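Listed after this line are the structures, all set down as structure tokens.
In what follows, chain A forms one complex with chain B and a second complex with chain C.
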Partner chain A sequence: MRRYRDTAAALCAAAAAVVLLLTILSPDPAGTIGSLIRGPFANTYTFGNMLATMSILIICGAGMTISFQAGLFNLGGEGQIYSAGLAGAVIGLLLPVQTGIIGTLLIMIIGTAVGALIAGVSGYLLYRFRIHELISSFLLSGALVYFVDFLISNPLRDTDGFLQSTRQIPQAFRLPSILPPSNLTSALFFAVITAASLAFWLYRMRGGYELRVFGTNPSFAEFGAIPHKRYTILPMLITGACYGLAGTLMVLSTQYAAIMGFTAGYGWNGIAVALIAGNNPILVIPAAFLLAWLETGIRTAMSGSSLSFDMSNVIRGIILLSITLRLAGSRRRSMK
Partner chain B sequence: MRDIHKTYASNGVHACRGMHIRIQQGTTHIIAGENGAGKSTIMKILSGDITPDAGSIWFKGRKVNFRHPEDALDQGIGMIHQILHYFPTLTVREHMMIGMKSLPLYARIRPEAIDAHITEIADHYHMYCNPHERVDHMSAEARQITAILSLISRGTELFILDEPPQKVLEAAMMLKQEGKTIIIITHNIKDALAYGDQITVLRGGANQGTFPASGLTRDELSDLIMGEHVKRQEGHRPSNHESPVDRSGEPLIRISALSGGDLQSQDQIHDVSLSVYPGETVAVVGIKDNGLRAMEALVTGKTRHRFIPLSGSVRIRDRSPRQCSSQVLGYIPSDRLETGSSVTMSVTDNIMINMRNDTRCLSTWSLPGGRPLLLPIFSRRALRELTERIISAFRITGKGDHPLESLSGGNIQKLITARALYQDPEVLVCADISWGLDVKTRETLFEAIDQHKRRGMAVLFFTSEVSTALDEADRIAILRHGRLTAVLDNHRDLTAKDIGGLML
Partner chain C sequence: MTYSILAYGIPILLAAIGGYLTDISGKMNIALEGLIMVGAFTAYGVMAATSSYLLAFTAAALVPALISAGYETLTTVYHGNIFVTGLAVNLLLPGLTALLSVRIYASSGVLSLQTDHMLSSVTLLQIITVITLIVFVTAYGILHQTKAGLLLRAAGLNRRAFEIRGGSPDAVQRTAFALSGLLCGLSGAYLTLSLHAFVPNISSGKGWLALAAIYLGDRRLSGLVYAALFFSVAEYAANRAQGLFDMPASLFLGFPFLITFLGLFVKAMFRSRRNDHKKP
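What follows is the complex of A and B.
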């Protein structure tokens, strides 16, 4: 109960701060606030785009909860999304068009595998050499981002376009649109299925139970003969796989190509979503909705030109900070 | 403290129902009572750890209002908890520095200068303390010593000790002679009478009265605590006098020439050999840091990152302990909260740790032909029934879906014991099982273990309480400086003095 009350209080405080800020700085505060809140629901285009953003956030956030539940940090989301997206785009360009839906599935599977593999390296390094996964995943991802940048802008670049991007994948592989002209595709279903099945595994199946035991108390896990190796590597693989899936879905449903810098911070937002959801994969869905609403609202308000780019960042910051503060507050209480 | 009320919001337990306690300056005041009587709660309120719902605290004639333990510490009130919160990777010195409000300038530049200060206090109170040792490498007792040293160095005047070990008790007696006030929370009737000036008895969240210790006998105090007359047979001895243990067959546990332990401390054993036969209880007694923890870890094959086996072997039947499932080897670890449970997970989650591979915990789906198909999914109903059975068999106060930390210490230990016995193991290894528990809980636990023992379970238990060993064991093995100095039959004429002589 208290948890929900605190969340509500945090959001009210954030809203009040935003209103105050806009009243001072915006020429048309009422209009800006209106488009911020109503923007995402104004038409099918913005609404669809909000749901598309939410889909990707759900997958990233749900994957991240698994690492957090195991007491591990995967800070390499950006690199995992980016590499998997590129891998997906390259496979899409190489496969014969006739493969159709099988090709789409193959792209998704390979992208997922690439993401899992990259994060898995950090898991293995932790198990074998006790290298902290937080550092290794971050550094590995940092290096990969530049490597993928190089591949996209040099050997794999589509020389006909002016964008720094690969060629576009054939129509046959793209995911069907749900709310044209928006970017919303069947990716939303994949997202909900991912979150639900991870939650089911975590709370109702043996592997998930063992993972939670390992994450809350490794000594107790040893008491119960839970294999240490499996639960340092497996959670990283799952998180990486989710980031990989998110990367390929972005390529398959919105970008149709690996565009330079297309990850746009999803690797980090996945962490934010997982934290807001209290590491519960099912609660990731409303958390992702909240964040997607905010993102889309800000974008709408900006395109209405009454909100500057810097201001939009300030607003985003205030809201995320108030949610995080709420989390920190409740954690301190629970420690007592 | 006047009219204190407290209800825990997380589980609705009404822990204090209008308590009044008066504590006189310069005395030793004992707070006695069963598990769940509200002892810890009322003392946590006094030390500012939790805030009361109603009531007021007066200290030295002034009304005080503590919002945080730091507030109480500033006023000179400090508490040492039974389970200490600490930073595992910091050393003793670093812990002491956290408590020091204003570090002298030289100490900020050269922290080593503090070491002398620490050792000086420790020596003065006849305690041993190595400022360079990391806290996570120390025994629970040594951590308590660190905590009391830290309070002393902060100039604390009122010390609250929750189930203090012997060493800390002795230091507290010296502090009292210097005019400090001591409050001790304890279950141990003997300690209460030996060390206390005043004894306050709590029951069911209310004060049953404060009595001068000199006017009470053991039986009277015991009656006050329990609220009813509890029969305590003096010199109660286990079944071996009715039917001696048959040691002609194969032993269930065979330890041969076992050596190993924590290579960075004194907690090691050397060349230990011991066998435990079906239906027998062998107690291994020793003073802390004489190899008890090392032997516990090596015999069960757990905590291998700290306790390393060097030579020798442990065989349970004909397998190594790591090959034994919980159906063969039941284990009740000394570190209940760190090794034996996960306090933030639910009660059910903690119960099912050994049962998670059992098909009875899984859901089934009936196929059209009527054949049941086993799904790899936990059955909520089966888990609920499992929890119910364990909770009701041991009369544990708590709910399956509440976090384990909402349970009292005694209930947690009941749960861990019930869990170990549930699968009818052939061998039970347990350590410090009755530490900090009240008489009633203790008897429940030993009664349950006894029942299994009569059916042929072998029990190996580690303890530093000689009286527990005398009460419960068929044979007593004494561990000193990591070596077995004697293995004695628990005859009627064996006394604590005999064993004490061999331990020291």
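What follows is the complex of A and C.
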């Protein structure tokens, strides 16, 4: 119960901070806050886009919970999403159109594998050489983001378009739309399945149990003969796979191509969502809804302003900060 | 060549010394990147207002020091995870500088300094190099020769023993965080003042490289120098190569990250092989 109170207190603190910030920064605070809250529900288009953002956030967040539950920190989400998205787009351009739905599945599988592989490298390096996964995943992702930038803007660039992006994948591979004209597709379905199956694995199956034991108390896990190697590498693989899936789904359902910089903060948001959800993959769904609401709200409220990216980052920071600080339960805890 | 290597390496080294102090105190500050940005922005603001280098450097050192100690205190008091709050601060601070830049200077782009008597980049580099040398020697002396240094290391080595002996590891760690903020601030101030401008993303990953330098330098103070030197030489070589082979710039922006990653990997591999030999 206390955890929910903590989360509620944290979200209230974050909301207060956001309102304060907008009051200081916006020329018309009431209007901005109003459109931030109402914006996503204004019409089918914005509502659908909010759900589309939510789908991606669910997958990123659900994946991140697995690392966190094992006591691991994957900071490489940005690079994993970006590389997987590019891999998906490239496969989509290479495959013959006739493969249809099988092609779509193949794109998703390869993208997922790319994400898993990148994060898995950090997991392996942690296990084998004890290189801190936080540092190695961030560095690898930092290098990959620029490398993918280079691939998109140079050798793979669609020279007919104005955007820095690859060519668009054929219609046959795109996911079916749910709420046209918005970006919502059956990606939402994949998102809910991912969250549910990870929650089932984590709380109902032996592997998930062992992983949680390993995360809470590694020496006890060792005593119980829980393989150290498996639960250092596997959680990183799962998190990376989810980021990879998220990246390919963004390509398959929203932009149909790898566009320069399309990941814009999803790696960080995955961490925020997982923490709001208290590292429970099922609670990731409402957490992702909240964050998607906020993100879409900021985008509508600040449309046309170059500040929306900085603003999102500031708000992301405030949310992360207030979530990890246990504002409500602190006094009792320190008295213990 | 010496100039470019020092100009690239010194800001990393300063921030890395700060990060190292927090690392040995038992709690690592991963918000170096954001703190450098704050230092750079504060230096711009104070320099633009007062045209005094001394004031600019002082303010740029104090503001991030306060922020750093402040977020560490919040994390301790409210039982947060220092990595998560550090990450939050890293997202928060650069965004905040951009918002403040628009609010105060009505520009989200390059803010250039127009003062009459600006020091040349070379003079400034000499000044910051001397400061860094003093910081390095002082840090070395304090860590290995004084009681304060012993306490700092003790807090990181065994927190429980430290508490039993009657000390407060929290106070030690707070001091380390304040110092790391201070050094990041100096590093950021140098970046702004030598460029004669504040640019969005002026630190461009230097805070992260500073963190990596701690690991690459084997968690030793002298190791930081080698790591910073390694980054600078690699960056210099990459820049030369870019000029020679006419490669696109985006390919080289990721180079520092890649080379650091590979450096960590190769070093860990050698160390593990050495340990394998030692085993009977």
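A few points about this structure:
By definition in this document, the second predicted complex is superposed on the first by the 272 of 336 C-alpha atoms of A that agree within 3 Å, B and C clash if a C-alpha of one lies under 4 Å from a C-alpha of the other, contacts with A are read in each partner's own complex, and residues count from 1 in each chain.
One rule holds for everything that comes next: a residue touches a chain if its C-beta (ideal position, glycine included) is under 8 Å from a C-beta of that chain, and two chains touch if they have at least 3 such contacts.
Please read these numbers as outputs of a predicted model, since none were measured by experiment.
In the superposition on chain A, contact of A:Leu211 is made with neither chain B nor chain C. By the touch criterion stated above, A:Tyr146 is placed in contact with chain C alone, chain B being left untouched.
In the superposition on chain A, A:Leu290 makes contact with neither chain B nor chain C. Between chain B and chain C, the partner in contact with more residues of chain A is C.
Of the two partner chains placed by superposition, only chain B is touched by A:Gly224; chain C is not. By the document's definition of touching, neither partner reaches A:Leu156: not chain B, not chain C.
Taken together, the two complexes place no residue of chain A in contact with both chain B and chain C. Listed in rising order, the residues of chain A touching chain C in the complex are 21, 24-25, 73, 75, 125, 128-132, 134-136, 138-140, 142-147, 149-150, 153-154, 268, 271, 275, 306-307, 310-314, 316-321, 323-327, 330, 333-334. By the touch criterion given at the top, residues 30, 71, 74-75, 77-81, 83-85, 87-96, 98-99, 102-103, 108, 205, 208, 211-212, 215, 248, 250-251, 253-255, 257-258, 260-261, 264-265, 268-269, 271-272 of chain C touch chain A in their complex.
The touching residues of chain A, counted against chain B in their complex, run 2, 200, 204-206, 209-210, 212-213, 216-217, 219-220, 222-225, 336.
Residues 9, 49-50, 302-304, 322, 325-326, 331, 333, 335, 338-345, 349, 352-354, 356-357, 376-378 of chain B touch chain A in their complex.
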